[in-house]
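You will see chain A twice below: alongside chain B first, and alongside chain C after that.
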Partner chain A sequence: MRPCSPNIQNYRPQLTSVLSIANRITALISTVALVAFVAWLVAAALGPVPYDALYALAASPIGRALLVIATFVFFLHLCGSIRHLFWDAVVGFELRSIYVSGWVAVAASIVLTAAAWLVGGFFKG
Partner chain B sequence: MIIHSSNQVSRFRLLRRFPLPRGFGVLRESRIEPGRHWPAPAGAKRTKTFQIYRYDPESGRNPRLDTFEVDLDECGPMVLDALIWIKSNVDSSLTFRRSCREGVCGSCAMTLDGTNWLACTRFITEMTDPASVYPLANFPVIKDLVPDQTHALAQYSMIEPWLKASEPPPQQHERLQSVADRKRLDGYYECILCFCCTSGCPSHWWNGDRFLGPAVLLQAWRWLADSRDDAKGERLDALEDPFRLYRCHTILKCTRTCPKGLNPGKAIAEIKKMMLERTL
Partner chain C sequence: MAEPRKPTSSSIAARARGLGSARHGSGAWRAERLTAVALVPLTLWLVASLVALGGADRAAFVAWLGRPLSALLVILLLLAAFRHTALGLQVVIEDYVHSAAKIPLLIATHLLCFAICVAGVLATLSIVLGR
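After this line comes the complex of A and B, so read on.
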């Protein structure tokens, strides 16, 4: 049988392919994070004791780090998916637009993550 | 880094490949083994190292990666010139397709430094040192850098790439088009079927048996966009399938790699839009 020439083992990563696979991975992680969000609501419904326990877990350094990551992942998926909405309308297909919108999506998710945590901290008082 | 046109080589050289095991998803007969080293001829002053994929079907052995040192003072400026220099001066068994040497025929499409391009239109100076030369990604290999394009061409014939008119042509002249109608074919009729895009498409890597791939879908759009063609409904029916068309997830590596600067990603989006519009 003829050998197959290497594909992903040899092909150079580029913004297009990296953001595409990132959009899928972030969708997966966001779905898992949704379970944590539901757990938070359930704890709140169960009463102050379980809620405080879960809150302590979330406020721990690891908990905070995971929440920051989850926020970034959510925004990256949001921004990446907005690009797809434009593409579905056949807008922004020039190579330059593809790269500009890709980097804008990355930058916007970082800014939105920082903004979300700053605003969250502000409301916490 | 912002890429303006597909012929631009990225200056980002940190990640040569995705951080996956070398043998990830690779069948035993496709594993690449270390090959031999061919030193530069004595007296060569300016040399560049080329790592080239070799496979000899008659040896019964696995593919291997040979290293050639090319004398840049003795060969032309393009990667194809380096391959011809190797074939003439070092190893005459090096096998590759080439014809026009000016980016018109699409024969010398291969994976250069991990990106698909034509060997005749890529400057040696644009390549890293060592430069890597592989046959088109994800194609069965006949020998060395010659891929077997049977499957891709069969997929091309599936979209019936010819004019389907319901009426015979006029007696006095050819079938006429308005300037605006003719303009709709710009950016699509120029495709040379080198299959750089199809070979670089991850959707085609994983579902190539059923997904048609960017090159063929660009051709499909070329006929859908033609004002002289009367088989739009029939053509769309043939494409309306979870795999044939909709396995495209707009990754857009096709548009990044097209040596003719065409936009297969956009062509596929146009088909999806036309598919939606006909249900309205």
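After this line comes the complex of A and C, so read on.
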């Protein structure tokens, strides 16, 4: 096993490195959310019984908690990926820009998640 | 010190295998970005739509998905999202899996992404066309 770089035990976490690995972790969790969305579509196509069963699962306390987490995780991946698209176009590579866009991505994800759940009726229903 | 053996054409092929193909190396990278660009508006639209539905029962969900525009955008989203997912998972697997499991895992990932995507598209079509 070759030593990995950066050496994770000794490497001080900072916004840049944390958001870097976060974009990969949020991608993996978003994959689960995407498969869950397909399950929702299939349940809707199959009929009321599977749909209501899946609905009860989603509306349970654990289901709602997971949905809120999934919403935040998805928005963090979306905002993080938009940063990456700008970097691919060689825009925003200065250290200051990288930190500003990083904090904007985190703040926007929190605001978007809060907006989605406060506007939506899923908690009321 | 042993004389270095002259590489044969088959040993060169063995060394290059799996390291990317000539002239097409950026194809997967570009497809991942292209689908990402498509997914920005598509996913924002989906989240906004689901928020507006606000915990709809099946009748309301089917009525929404039964509209041609909703179905079209959901199908476009599924195609882009699963292509994006397959390409992204491929990069993760290539970065972290160095055992014999790598190739079977890559094949399984791409086939599963395709199968689940088709399931979602068929479910959407059955709602918008059938009913």
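Note that in this section the second predicted complex is superposed on the first by the 115 of 125 C-alpha atoms of A that agree within 3 Å, B and C clash if a C-alpha of one lies under 4 Å from a C-alpha of the other, contacts with A are read in each partner's own complex, and residues count from 1 in each chain.
Following the convention adopted for this analysis, a residue touches a chain if its C-beta (ideal position, glycine included) is under 8 Å from a C-beta of that chain, and two chains touch if they have at least 3 such contacts.
Since the structure is predicted, the reported quantities are computational estimates derived from the model, not experimental observations.
K.L.:
Determine, for the superposed arrangement built on chain A, whether chain B and chain C clash or fit.
P.N.:
fit
K.L.:
Quick check for you: in the superposed arrangement, does A:100 touch first (chain B), second (chain C), both or neither?
P.N.:
Touch status of A:100: first partner only.
K.L.:
Just chain B (first), just chain C (second), both, or neither: which does A:78 touch?
P.N.:
Second partner only.
K.L.:
Determine how wide the angle is at the CA centre of chain A between the CA centres of chain C and chain B, giving a multiple of 10 degrees.
P.N.:
The three centres form an angle at chain A of 90 degrees.
K.L.:
Output check: A:7 vs chain B and chain C. Expected answer is one of first, second, both, neither. What do you get?
P.N.:
Once the two structures are laid over each other on A, A:7 reaches chain B alone.
K.L.:
Which partner chains sit in contact with A:65 here, chain B, chain C, both or neither? Use first/second/both/neither.
P.N.:
Neither: A:65 stays clear of chain B and chain C.
K.L.:
Per the contact definition in the header, classify A:119: touching chain B only (first), chain C only (second), both, or neither.
P.N.:
A:119 sits against chain C, while chain B stays out of touch.
K.L.:
Counting only touches as set out at the top, which of chain B and chain C does A:88 meet: first, second, both, neither?
P.N.:
both
K.L.:
Could you say whether A:51 touches chain B, chain C, both of them, or neither, answering first, second, both or neither?
P.N.:
In the superposed model, A:51 contacts chain C only, not chain B.
K.L.:
After superposing the two complexes on chain A, what is the shortest C-alpha distance between chain B and chain C, in Å?
P.N.:
Once the two complexes are overlaid, chain B and chain C approach no closer than 7 Å between C-alpha atoms.
K.L.:
Take the contacts of chain A with chain B and those with chain C, and give the residues found in both.
P.N.:
Residues 84, 88 of chain A touch both chain B and chain C.
K.L.:
Using the touch rule from the top, collect the residues of chain B that touch chain A in their complex.
P.N.:
Spelled out, the residues of chain B in touch with chain A are 1-6, 10, 15-18, 20, 22-27, 29-30, 32, 53, 55, 57, 62-63, 111, 113-115, 132, 134-142, 147-148, 200, 202, 205, 249-253, 255-256, 263, 265-266, 269-270, 272-273.
K.L.:
Note which residues of chain C are touching chain A in the complex, please.
P.N.:
My answer: residues 33, 36-37, 40, 43-44, 47, 50-55, 57-58, 61-62, 65, 74, 78, 81-82, 85, 88-89, 92, 116-117, 119-120, 122-124, 126-127.
K.L.:
Looking at the complex, which residues from chain A come into contact with chain B?
P.N.:
1-17, 20, 84, 87-90, 93-96, 98-100, 103
K.L.:
For a test of understanding, state which residues of chain A touch chain C in their complex under the given definition.
P.N.:
24, 27-28, 31, 34-35, 37-38, 41-42, 44-48, 51-52, 55, 59, 71, 74, 78, 81-82, 84-85, 88, 116, 119-125
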